[in-house]
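Could you have a look at this structure, given as structure tokens, before my questions?
To keep things simple, chains are lettered A, B, C, D, E and F as they appear, and every chain counts its residues starting from 1.
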């Protein structure tokens, strides 16, 4: 390899900022999940003290992560960790509500344990709620690392900056994208392949609302794409599958599109399959 | 953390049922795949006896998994394992047919080994066929853990309860969802982003057919969404991409929708890109 | 298990070709990425010599991989490795341009480091560019293993044989499929769920162009499906979300479809939700 | 490196016999120990069935090990495994007697659990008794691999061919060597650094008794060296530390040597320490 | 395997006490060593805070270990951990003195880093000083697990109950045994193969002094065996190699034994080697 | 923990020199052993090229190790590595001679493969010969790390600075110490517990010969201690077990000591065992 190229790479490596402990953060979040939700836990706790010590060890682990990137933080590692830890009881309550909504929303689900243990939607929402807490505490990079961690495992990409209400239900999650300035109300249900995105994404728009608002009790079916910061989907609306929506709709709307259906005359299957549609 | 909160978590952990050995089950299924399909195997077998011993060790491993959750089972671990093992030759035959269908269905595929080794569709169907066998044996939780295992690695989510015929071909799998009461015939081909789902998912519908029926020789293109337990797609039909279908279509149907196309007058690209569509 | 079945499995295992070192190849590509992009690096380099030695060790690692599958190669392992290594400075330059395009194209992105470290689009494009180099060198199987490696982690499936220009931007990648004979120009932007695929996939078509051509400065929104080897999307066009396109459109086209919108009269949410759409 | 040298290495590698699965054998023996002695166990067994399945899995694991080296064996893998497994109850009884002897023989020992869990003497004797069983079944190489495994962890080197009676007590084991044709009676106690070896080790002597016979109730203190196939230490004898013994001694002997003691006149410590002794 | 035998094993497993976290304890001690001695450290600390957080994480880790065996402890986990942590500065000082003594005592040693990083004597003494602190705090089992951990890695077996003064130097440690009630003064130097043991080890003697007293500035050469609770080696004495000593010697003694030397008449080496010595 | 103490630890960590890659060096040496001795190899080489590539990868790995500690080296990493690699054919020849000597010297050994695979003596001599090569190339720290690596696994401690002739045979190695300035001729045989050490180890003696000279064809039995830089053991001598020797002996000497033997009158074993010897 060319020496000049190697010299440049070396300079790049010299200038790279301190390593952000991404995988440690993901392990920490997994640890918190195991604390809050026994079906996910790999350990047994014989006493309350054992639970307490485990919680304490998570706190220290998190302070250790934050300390390694201290220069990038808006507050002291101890304060940030304290703040996050204090939110855990509330987070626990919210996530149980989400799991309950997913259980109620999917006839195939048989128990809350099954939802907590196997639903990608639950995992993605849980990681989002942790990442969102860090995002609000203005911790850099870690929220995005967490959302990408969840995305790689579930196919669900919720930006940590999004605002999501209670009882959020994702059924079969692959391919969901929820953008940074999205607002989602309570009791919303979203199916696979849904995009809540921006239109005409210009860098100058970084600080304004670019993603839609979804009011309470909305259901959005598979493959629907809803775009734009001024787009509001009114409460109790139903957005049909594969709909492309870039304007607001009032409460109780039902939005869908109808396909054209044509029955072929020929009965030779090979011919039909090769017909140029 | 609040002591009352810790006490509650402790109680939750006390009440959690015996740990279901999810990751051991996934390893077991990987082991079976390596036995059945040499391109996936990490070991070399010098003699037939070595193959036999390996098969036997898989059997014991599976009995061990089942024993650890014995109280949840409808039959003895040994009987369930026996039953599953007896199905392996048939499973092997079915999966080779699936692989062959994927090879024939994708001009980019160069060999059956390539399909077995690198196609997410093959992996997802293989895990589905194992999970479905366990689902029929009424083993709880493990089938769902397996389907989520495959989903996390392939983006393809086939409920273990679905019924799928022979020569099932998935080309490029990300984002496929196939619901619990779906019926799929033989020689069906499904592209990425397809949803075979339910409408109006009410918990009371848990025991009735909520997902569509796809008859033999149907092709469903990318992004199509087909919903509802009464929806039947007749044999030899072709469902175009991004179609939203909630009603039955007869044999030999072709279903698609046409976009509106509009050519802009301006030739300034920046302007076009920022135009509010 | 039946002895005859075991005998057959043994014969299959005997006939399986030499193991292709798939996971070693993936580790190698990760190593190259860590060399080229410091935010991904797990090591610190104290001197230029350390960078050089690391690059050299990657070269040897790759030769070692190729040597283990020497019989399948069109040229000597050393020549192929040399060829790939020589392309790295160019690859580095191309990928920095891609990362820059993603930074400019996403208002939510805050720095080039964030893109390199957390964007699935960047990861998928980087692996594609490596896999494409191997594909052109006619190395078998490894390119496909790499593309599936990236697909499993990002949900983005770019066939190593595709041709993609500079400044390629993928924002939120899950569910993107780009076929083997696709041609993509410069400065193209693609959103999640987009398929650039073939129609009527007949095995006889393996050697002809089956996938579309996308000219410079095109934007393709979420869920669009564009199919066919003769389909050309003219430069500066915008393809709206969820569009299904199987014919060419001229430069500066805007293609989209409008949903039907209907506002329900009733205000009882339970009723609306259960309405059969 | 010289090509001729590489060619020679390649030929060496070609001619090397099938890999003997050494580390798998050591894991198997650890597994048996965990089955027999709960303080060593890393798993909890909820039911008798779970114990049974675990035992069965060990049996299969061992058959798998033997199958991989089948050509070197004097009997079928299944027969050898059966034979070994049948001996486990007896082995268990013998090892509990050994542990009890170590507990009684060491005032510092506080419980049988402590002996089983932390005494290198117990570990070495346990592995020896397994290795000896394999040695008697004429399994090649594995017995020696096991004895070296124990040696590397405890500093105690007991040849698998040695014959050792019941209630064998090793207190502080480092540096003990017990040769292939040694006979040790019941209730013998051996301290660290003891050698029971051969004199004049001529290759022609491979098939005759080269190591000593130690009768019942003998105690051998630290650092004693007892050599020769005709050397018999009579029952109830005590061999003092650092003794060098190459001839037989009758029952009730006490063998020791006395040091010369000299008190220095000078009180300058530096001078004394540098004095040439 | 016999069902009755399996039943018995199951009962044994049921009755086994809670698992003592042996390996976690060893990791904890390694962590403390890395904190106190940078040449052993696998991490870099960028700030004092990072050191503090690491120390804090070790404290929590240790509390977690103690909590899992809380029922066996004489005090609360937090108190015991506090007590141990408070001793670390003193432990650090003592171990630096030990390392310095080893550096001064071995002409082959080139730096204090070399001693800390590579001398088994240093490792054994460091683990002993930690284990001894736990022994004095009356924590059960863990001290013995630690001493066996050090023994397995160094061949040096120091009972956690022994009392050892400052500047203790072990040069080449394999095969050293130091018993539970040994007293060792300051500036003592011990070579390989030395035993400081008990005679006539009767279980009734568990609570009396059974091992020797070694006063200040004594040197004990390789292979010496010194036994008995009433045996006192006076200050500034030198014990020659391979000496067997069971009685006290005054200050400034030199104790050794002389070999018999005999020169053979024959010059045929084969003959000499086979001569029966 | 006290803040001042933490501050001091932080300063210590700041001042610690660059981490010497100890474990990488040990892995490298294991890799070389696997290359040279097929019974130790974990890989199969299908072609000569595969051997060559593996050798080349070891060379690069070693250069990488040396580069990370470049500032401490007396020559360039590439030159040192080149030098070491060139010595491998000779090293291979020497070690085969050592293995052959061990096979001939131990009637219990059944094949050269058994010696190479399971004899601690072979492992220790092999690592010594590598460490000695690095010692002569004046590479700091690594030689000592290697000798401690071998010591921890075998109980044999050979200083990398020792000089050892051909056909060196160690039978049962635990507890052997061979000092830095020892000279050992050809065809020497050493049993367990032997010390070749220094007397009166004064730091001022660091640069003079402190350890004995052992001429050709000498046999040293278990537990013998031979000390002093002026001590020469003449060729063809036999040193009996447990001998303490601090002066020279001529060729063909036989050195040993005789124990005192006393037969007890009493036949009560309990009485005898408790007798104060």
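Convention: a contact is a pair of C-beta atoms (placed from the backbone, for glycine too) under 8 Å apart; a residue touches a chain by one contact, two chains touch by 3 or more.
Since the structure is predicted, the reported quantities are computational estimates derived from the model, not experimental observations.
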item	value
Contact-graph distance - origin chain C, target chain D	2
A-E compared against A-B, more contacting pairs	A-B
Pair in B-C, B-D or A-E that repeats A-C, with over half of contact pairs matching by residue number	B-C
Centroid spacing, where centroids are CA-atom means, of chain D and chain F in whole angstrom	23
Where chain A and chain D are represented by their mean Cα positions, the distance between them in whole Å	58
Two or more partner chains touched - positions in chain B	47, 155, 174-175, 193, 202, 223, 240, 242-243, 256-258, 273, 275, 277
Touching pairs among all chains present in the structure	A-B, A-C, A-E, B-C, B-D, C-F, D-E, D-F, E-F
In the complex, chain B residues that touch chain D	18, 46-47, 49-50, 53-54, 56-57, 60-61, 63-64, 67-68, 70, 77
For the chain F and chain E complex, residues of the former touching the latter	1-2, 5-7, 9-10, 12-13, 15-17, 19-20, 22, 140-141, 144-145, 147-148, 151-152, 155-157, 159, 161, 174-177, 179-180, 193, 195, 197-198, 201-206, 210, 217, 219, 223-225, 227, 236, 238, 240, 242-245, 249-258, 273-277
Chain A - residues contacting chain B, complex	35-39, 41-42, 44-45, 47-48, 51-52, 55, 85-86, 88-89, 92, 104-108, 110, 113-114, 117-120, 153-155, 171-172, 174-175, 191-193, 199-200, 202, 221-223, 228, 240-243, 246, 256-267, 269, 272-273, 275, 277
